[in-house]
Amino acid sequence: MEVLAKQTPGFSGADLANLVNEGAILAARRGKKKITMHEMNEAVDRVIAGPERKSRVISQKEREITAYHEAGHALVGFMLPNADPPYKISIIARGMAGGFTRFLPEEDRHFHTRSQLLDRLAAMLGGLVAEELVFGESSTGPSDDLEKATRVARQMVTHWGMSERLGPRTFGRKEEMVFLGREISEQRNYSEKVAEEIDEEVRQIIDKAYHTAKKLITDHRDRLDSIVKSLLEEETIEGEALASVLNGGDVPPRPETGGDAVPPSGDGEEKPQKPVQQPKPGLAWDSPTVTDPEV
Amino acid sequence: MEVLAKQTPGFSGADLANLVNEGAILAARRGKKKITMHEMNEAVDRVIAGPERKSRVISQKEREITAYHEAGHALVGFMLPNADPPYKISIIARGMAGGFTRFLPEEDRHFHTRSQLLDRLAAMLGGLVAEELVFGESSTGPSDDLEKATRVARQMVTHWGMSERLGPRTFGRKEEMVFLGREISEQRNYSEKVAEEIDEEVRQIIDKAYHTAKKLITDHRDRLDSIVKSLLEEETIEGEALASVLNGGDVPPRPETGGDAVPPSGDGEEKPQKPVQQPKPGLAWDSPTVTDPEV
Amino acid sequence: MEVLAKQTPGFSGADLANLVNEGAILAARRGKKKITMHEMNEAVDRVIAGPERKSRVISQKEREITAYHEAGHALVGFMLPNADPPYKISIIARGMAGGFTRFLPEEDRHFHTRSQLLDRLAAMLGGLVAEELVFGESSTGPSDDLEKATRVARQMVTHWGMSERLGPRTFGRKEEMVFLGREISEQRNYSEKVAEEIDEEVRQIIDKAYHTAKKLITDHRDRLDSIVKSLLEEETIEGEALASVLNGGDVPPRPETGGDAVPPSGDGEEKPQKPVQQPKPGLAWDSPTVTDPEV
Amino acid sequence: MEVLAKQTPGFSGADLANLVNEGAILAARRGKKKITMHEMNEAVDRVIAGPERKSRVISQKEREITAYHEAGHALVGFMLPNADPPYKISIIARGMAGGFTRFLPEEDRHFHTRSQLLDRLAAMLGGLVAEELVFGESSTGPSDDLEKATRVARQMVTHWGMSERLGPRTFGRKEEMVFLGREISEQRNYSEKVAEEIDEEVRQIIDKAYHTAKKLITDHRDRLDSIVKSLLEEETIEGEALASVLNGGDVPPRPETGGDAVPPSGDGEEKPQKPVQQPKPGLAWDSPTVTDPEV
Amino acid sequence: MEVLAKQTPGFSGADLANLVNEGAILAARRGKKKITMHEMNEAVDRVIAGPERKSRVISQKEREITAYHEAGHALVGFMLPNADPPYKISIIARGMAGGFTRFLPEEDRHFHTRSQLLDRLAAMLGGLVAEELVFGESSTGPSDDLEKATRVARQMVTHWGMSERLGPRTFGRKEEMVFLGREISEQRNYSEKVAEEIDEEVRQIIDKAYHTAKKLITDHRDRLDSIVKSLLEEETIEGEALASVLNGGDVPPRPETGGDAVPPSGDGEEKPQKPVQQPKPGLAWDSPTVTDPEV
Amino acid sequence: MEVLAKQTPGFSGADLANLVNEGAILAARRGKKKITMHEMNEAVDRVIAGPERKSRVISQKEREITAYHEAGHALVGFMLPNADPPYKISIIARGMAGGFTRFLPEEDRHFHTRSQLLDRLAAMLGGLVAEELVFGESSTGPSDDLEKATRVARQMVTHWGMSERLGPRTFGRKEEMVFLGREISEQRNYSEKVAEEIDEEVRQIIDKAYHTAKKLITDHRDRLDSIVKSLLEEETIEGEALASVLNGGDVPPRPETGGDAVPPSGDGEEKPQKPVQQPKPGLAWDSPTVTDPEV
C-alpha cells in the first residue's frame, strides 16, 4: 500500500478507485484471481499516461531521440539540488506520448521557492538540450516542455514578483469567462514598454535555465550515454536501477539542497555525489514527449 | 455577543446565521448541549477561511516560511501609524490557505485616505519582504498579496486621482458585461504614452511600500523572530498574547496616527511604542497565504 | 406645489408619483392624516439619494472629511459665474453616499456652452481640492467626481469640438450593443498619435478646472471653514440658510455671469458679492460622496 | 400634390401613408372635415422631426444661440455653389431638436462629387462657426453636426479615394454583425502609420470646410444678423420669405455652380448675387440642433 | 442556347432555372406565347443586376459621369493584353447600380497570374480615372471599384506571395466565425512593422494600376469620347457594336497577350490594334456603378 | 492489401471502410462483380482529393502551369535528403484542386527534426518557384502552399524553439473557443518588439527554403521539363514510372540523409543519384493546387 501511495501523489479518491479498477481489469485479462503489485504498477502508468501502444512502429532514430530526450530531463533533474529528483523513465509509447520522465519531490510541497522553480525549469529544458547536443538539432518533440517552461517563467515575472527589474507586483488581469465553461483569458493591463520588459525577463530566466542544463549535460555526457544505453535495453527504469544508473561509475552524488541552482563545476572534475533516496510522495510532475499532429 | 460582533465586521445577516449554525454543528460533534465561546471562535475561522486541514502534511521548511510570511504582515501592519492593526495570526492550514493574518481598523471606515492606503500596501508586502530577508528569496506564496497590492496601487493612480503626475482624473472605462453574470472588463480609453505613465506611477507606489516594509522588518528583525517562535509553538496568536509579542522586549509602541507613513528611524534606535488596543470592529481584511496549484 | 416643482427638475410623471407615495408613507409612519411639506421634503431626498442611514457609525474624522468635501463643491459652484449655484448641502449618509451637494441652474438648459462646462468642472473638483488643502491629502471619496469630470472633459475634446488643437470633429465611434441591453462601447477609430493629443487636451482642461477650484478655495478658506462649521452642526443646509453662510461675513457676492471662468482676484482683496437667489428649476446635478467598497 | 412631393424627397410609400395619416389627425383635432395644405405642411415637420414641444421653456439666450446656429447652416449652404440650398429654417423645438435647417439639392442625386461634399461639409460646420463668431465660444449643440461631418470627411479619405496622399483605395473592413441586428463594426486592416495619415487627411478636409464657413460668415455677418432677426420673430422661415432674407439688402446672389468651393472674395466687396430658386426635389438633409442629455 | 451559355458563366443550375423563369415572366407580360431571345437577354441583365429602374430621374450631369465611368472601365480592359475584354456596357439604372460594364475572359480560368491581376486592377480603376480626367474630380460612384481593387491588391501581397519585398508567405489568420453565419474575420498575426510594409506594397500595386489606366485613357481620350457618345445615345452597347466602337477610327487593335501589363507607348503614337473577338465563356466580372446611400 | 496500406497512411477505420465502399461503387458502375486493384487505386484518389472533374475545361496554358507547379514540388522533394520523397503526381482536376503531388516518408514519423522541416518547406515552395522560373511570374495557385509553409515556419519559431534568436520558449497562448465548435484562436502574449523578431525569423526560414528550392530547380531544369512532358502526356505518374522520370538521364540519385538541407552543388555538375525506393507508409502529405474562388 505504501509503495502505491508514494507513486500516486495528488490522486483524488476517484483517481484511486479508477486505479484499482484498472488493476483488476489487468489481472482478469491475465487470468489471475488476485491483483498483484505487478498489475498495480502497470495500472499507475495507464491511469497517468494512457495504455501502452505496442503496435506503434517507431524507427530506431526516433527511439534514440526519445531516449536522449528523457535521459536529458532525468539527468538535469537529478543533478540540481533544488529540483525534484526523477523516479521513473520510460520510452514506451503511451497515449499521445512517446516516453516520459516522472519526478517526485522529497517532501510535500504547497508552494515553491524561486530556486526550486529555476532548477525545475532547467530540468524541463533538459530534453531539448540533450537532443541539440547529441544530434546537432532539436525536434518538434519538446514543444510541450517549452510551453510549460514558458508558462512557469512568465508566472515568475508576472505573478510571483520574482523579477527584480519589474518588482513585487502582478501584471495582467485574469478574466474567467464563465459563459465559456472553464476558459480563462488574460487582459493586458500594462503598457507596451512593460510588455517588452516582461519578454526580456522571461527570456533571461529561460536562458539561465537553458545554460544550466547545457553545462550539466555537457559535463556529464558519459552518464547521459549510460542512461540512454540502459533505456534502449530496458525501455523503463525506476527505483534502485534508476538510482544506480544516475550514480553510475565515477558520477558524483547529488549535492545537498543549497541556495544556488548552478552546481559547482569549476574545472569540471569535482562531481557531486548523491545517494539514491527513495523519493517521498509530493507534487509530482511529468515530462512526456508528445508526438506532434500539427505538422 | 460583543466579542463575536467585533470578530465579524462586514458580516451580513445570512453570514451570521451561517456562523451560529457552524457553531451548533461543532458543539453537537463534541457532544455538548450548549454552544460555548470555544465553538463560536472556531466557527468564525471556519466561515472566513474554511475548515482546518489537519491531515495535510506540511514540511518544517514550509511551516517556517509560512510563519515568517504571516509575521511579516503582522509586524508591518502593527508598526505603521495609518495601517489597520493585526488582531489574529495563524499558520494552521484552512481551505486553500496555509495561514493568515487578520487586520481590523480601530474605527469604522467608509473611505480611505492616501496615507492609509500606502501603509496598508506596506503591510500587504510585509509577507514577501520577510521571506526575502530571512530566506534570501521569495516563494510563490505571496501571489495573492501581490495581486491585491497591484490592484490598490493601480486604483490610486487610475480612479482616486492620487498621482500628481497623472492628475485628478480617471483612466479606463468600466464595462459591466451584464450577460456574463458579474464579470467586469475595463476598456482602455487612453494612449500608450499614458499607459506607460500609469505603469511608472504604480511601480513607484509599490516600490515605496516595499521599502517601507523592508526598513521596518530589517530594523525589528528580533521582534519578527520572536513572533515566528511563538507562532511555531502556538500556531495561532490573538488578543492579549498577540499584543504582548508585538510589543515584546524593548520594542517601541505603535506611534500615534500622523501624516507620514514612513516611521521615524534616523539611526535605527528610537523605536515606536504601541500599547495593544482591543481592536474595534470595522472593515477587516485577510492576508491568507495561498498554496499554488498553478506550477 | 411650486416649491416642490423647483426641487424636482427632470422628474418624470412616474418619479413624481413615486415622490408623493413616499411622502404618504412617511406621513402614515408618523401617524399624520395629511402629508405636510415636511414629509414631502424628506421624500425628495429619499427618492434622489435613498433612505437615511442613521444607524451607520461614522467617525469624527470621516464626518469632517465629508463636510469639507461637500463645502468645497458648494463654495466653488457658488463663486463661479457660469456654474450652477448650489441649493442644498447635506452630510447625512443616504444609500451609498456619505453626503451630497445639489446644484440647480438659474434657468432651464438644453445645451451647455464651453464656459459653463469649465465652471462646472471646477465645482466637480472642489471636493477633492478641499480635502487636499485641509488635510494635506485626498481620500477615495472623490472617485465618482473624478469619473464624471473626466467624462465631461473628454466629451469636450472628442464630441463637442471644444479643443482648438484637435479641431471641430468627433473622435471614436459609439457602438450601441443592442444585445447587451443598454451597454455602449466606443470603438477607437483614430491613431495612437491622436490618442495622445486627446489625453493631453483632457489633461489641460482638467488642470485648468483644478487650479480654478484651488485658487477659489485658498482665497476663501475662511468661508469654507464657516460652511463646514454650520454643516457639522446642522447636517443639512439649504435655502436662505445656505445663502447666508455662502455670503457670510466679508465674503464677496457671486459675480455676474461673464465670459471668463476665473474670478477676478488680483491681490486677493476684491471679493465678488452675490445676493442669494432663489434657484429656478433646471437641469440639476448631484455630487454625492460615495463610500468605496473597492478597497 | 407637387408641393408636397417637393418637400418629401426620399420618402417611402409607408412614409407617405404616415404623412397623410398625420395630416388627417391634425385636421380632425382642429375640427376640420378636410385636410388642408396647412395640416399637410405641419404633418411633414411632425414626420421628419417629431411633434412641436411648445411647453418647453427655452431661455432667451438659448433661443438666440439656436437661431444663430441655424442661420449659420443656412447662410453657408446658400452661398456655396456646390452645396444644396436651404429651403426651410426653424427654431421651434421638435422631438429632441431645438431647431433645424433643411436643404434640398436642385436635382436628384445618386452620387456626390468631391466639390459637392466639400461644400456640404462647410454648411454642416456653419452652425458651430456662427456660434463661435457671435458668442466667442461654441456649445454642445453642434455635436451631431460634428459627428456627421467627421463621418463624411472620413469616408472621402477611406472609401471614396478622394485623398491624393492615400490614393485610390479603401481602408478598413466592414463587418456586418448579423447577429447584432444592424450593427456594423469596422475592422482596422492597416498600419498605425496609415491611421495617422488618415487622421491628418480628415483633419485637413475638416479644416478647409471650417475656414470656408468662417470666411463666408465673417464676410456676410450683416446678413447672418438679418436672418436671425427674422427667425426670432417668425420662428420658421421658408420659400419666398427665406429667399428674400438670404438675398436681403446688398447681399450678392448665389454664384453659378463652378469648380471651386471657395467663393470669390478678394477685397470682401464683390458679392455673388443669387436669385432664389424654388428647390427641386432630391436628396435632402437635415441639420437639427440636438439638446444634449449627456452632460 | 450557346449564346445564352456564353452570357451566363458561373451560373449554377438554380441560377439558370431562375433565368428561364424571368424570361417566361417577361414574355407573359408582353403577351407572347413563346420566350424569344429578346426576353432571355433582358432576363440575363435582370438576374445579374436587378430590374431596370426607368422611373428613376437622372440628371444629365450624372448620366454623363456614369457614361464616362463605364467607358473608362471598358477602354482600359480592352487595351490591356492580360485583362479580360469587355462584352457589354450599359448606363441603364438597375437595382442599386447606375450602370455596368461586363467583362469575360477569352477562356475558362481556374487561377490568375500576376500580370492578369495587374491588368484587371487597371481596368477596375478605369472608371475613377476617367471621371478625374474628364471632370477634374471623382465622385462617390467608384467606391465599390476601390473596395474590390484594394481587396485584390491586398490578396496579392498577403495571400499569393506576389510582393518580392514581403516574400512567398501569407499574412493574417482567417477565422471563420461559424456562429455568425458566414462572417469571416481576419486575425492580425504579424508585427506593426510588417503591417506598414503591407500598406506600402498595396499602395505600390494600386499606384501602378492607376498610372497604367491614366496613361491609356489620356492617350486614347478621343476613343473614350466616342464610346461615351454612343453610350449616351444607345444606353447599352454589346457584341459587334461594342467591338466597333472600341476599335473605332484610327484606334489600335488590342495587342497580343504578353508579359508586361504596360502597353508600349514610347512617343504616344504607336497604337495597339486589336480585332474584336467574340468572347468565350469564363469567369466574368461586373463593374457596376453603385449609387451611394451613405452620404 | 499491402499496396493499399502503403497508400493510405493515417487512415482511420472509418476512412478505410469508406475507401472500400467507394471501390465497390466504382466496380458496380463498371459492371464488375469483383473490386479489382484498379478500382481501389481510383477509390484512394477519390477519398483523398474528391472525384475527377473530367468535364472541367482547362486551357492549355493552365494545364502547363499546373504541370510545372506539381513537377516543382516533386523535384525538390525528391532531391532533398531530409524531405519525404514523392510517390504520385497528377494534373487531373479533382474537387477544388487542379492537381496534386503526394509525398510519403520512408518510415513512420511521430515528430520532425529541424532539418526535416526545412527540407519539407523547400518542397512546399517548389511549385511557386517552378512557376516563377518557367513563366517569369507566379499565379494564385500556390496560395495554399504558402499558407501551409508560413504555418510551419511560424511554428518552428513560436512553438518548437527552433529560432536561436528567440530561444527555447513558446509565444502566443492558444485559446480553444469551446462555444465556437473547434475554432482555435491565439492570443498575443508578447510585445511588439518580439512580434517583429518573430516576423524576421519566419522570413529567414521561408527565404532559406525558397532559395534551396530555386537552386535545385535551376540546376535541374532539364529534369523538370522531362517530368512536365511526361505529366502532360500521362496526366498521372507514380511508382516505377515516377522513379524513372525523377532519376531520368544523367540525373543524380537522391543523396543519403545527412545534416545539411542544401544539396552539394559547387559547380552545378556533381549530381546526387538516388535509386527509387518503394516508399514505406508514414505521415504522408498532399500539395494540391487549389483553384481560387477569391478573385
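Which chain is which? They are A, B, C, D, E and F, in the order written, and residues in each are numbered from 1.
Rule of thumb we're sticking to: contacts are C-beta pairs under 8 Å (C-beta built on N, C-alpha and C of every residue); 3 or more make two chains touch, one makes a residue touch a chain.
Because the structure is a prediction, the values reported are computed rather than measured.
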Among all the other chains, which ones are in touch with both chain A and chain B? none
Count the residue numbers both chain C and chain D use at their shared interface, divide by all numbers used there, and answer same if that is over half, different if under half. different
Whole-angstrom distance, CA centroid of chain E to CA centroid of chain F, is 36
Per the C-alpha centroid definition, the whole-Å distance linking chain C and chain E comes out as 62
Which residues does chain D have that touch at least 2 chains other than itself? 179, 192
Touch-based graph of the chains, sorted into line, ring, star, complete or other: ring
In which sequence are the chains arranged about the ring, given a start at chain A and a first step to chain B? A, B, C, D, E, F
Per the touch rule above, chain A residues touching chain F in the complex are 56-59, 61-62, 65, 93, 98, 125, 128, 135-143, 146-147, 149-150, 153-154, 179-181, 183, 185-186, 192, 195-196, 198-199, 202-203, 206-207, 210, 289, 291-292, 294-295
Given the complex with chain C, which residues does chain B contribute to the contact? 107-115, 117, 120, 152, 155, 159-162, 167-171, 173, 175-179, 187, 189-194, 259, 283
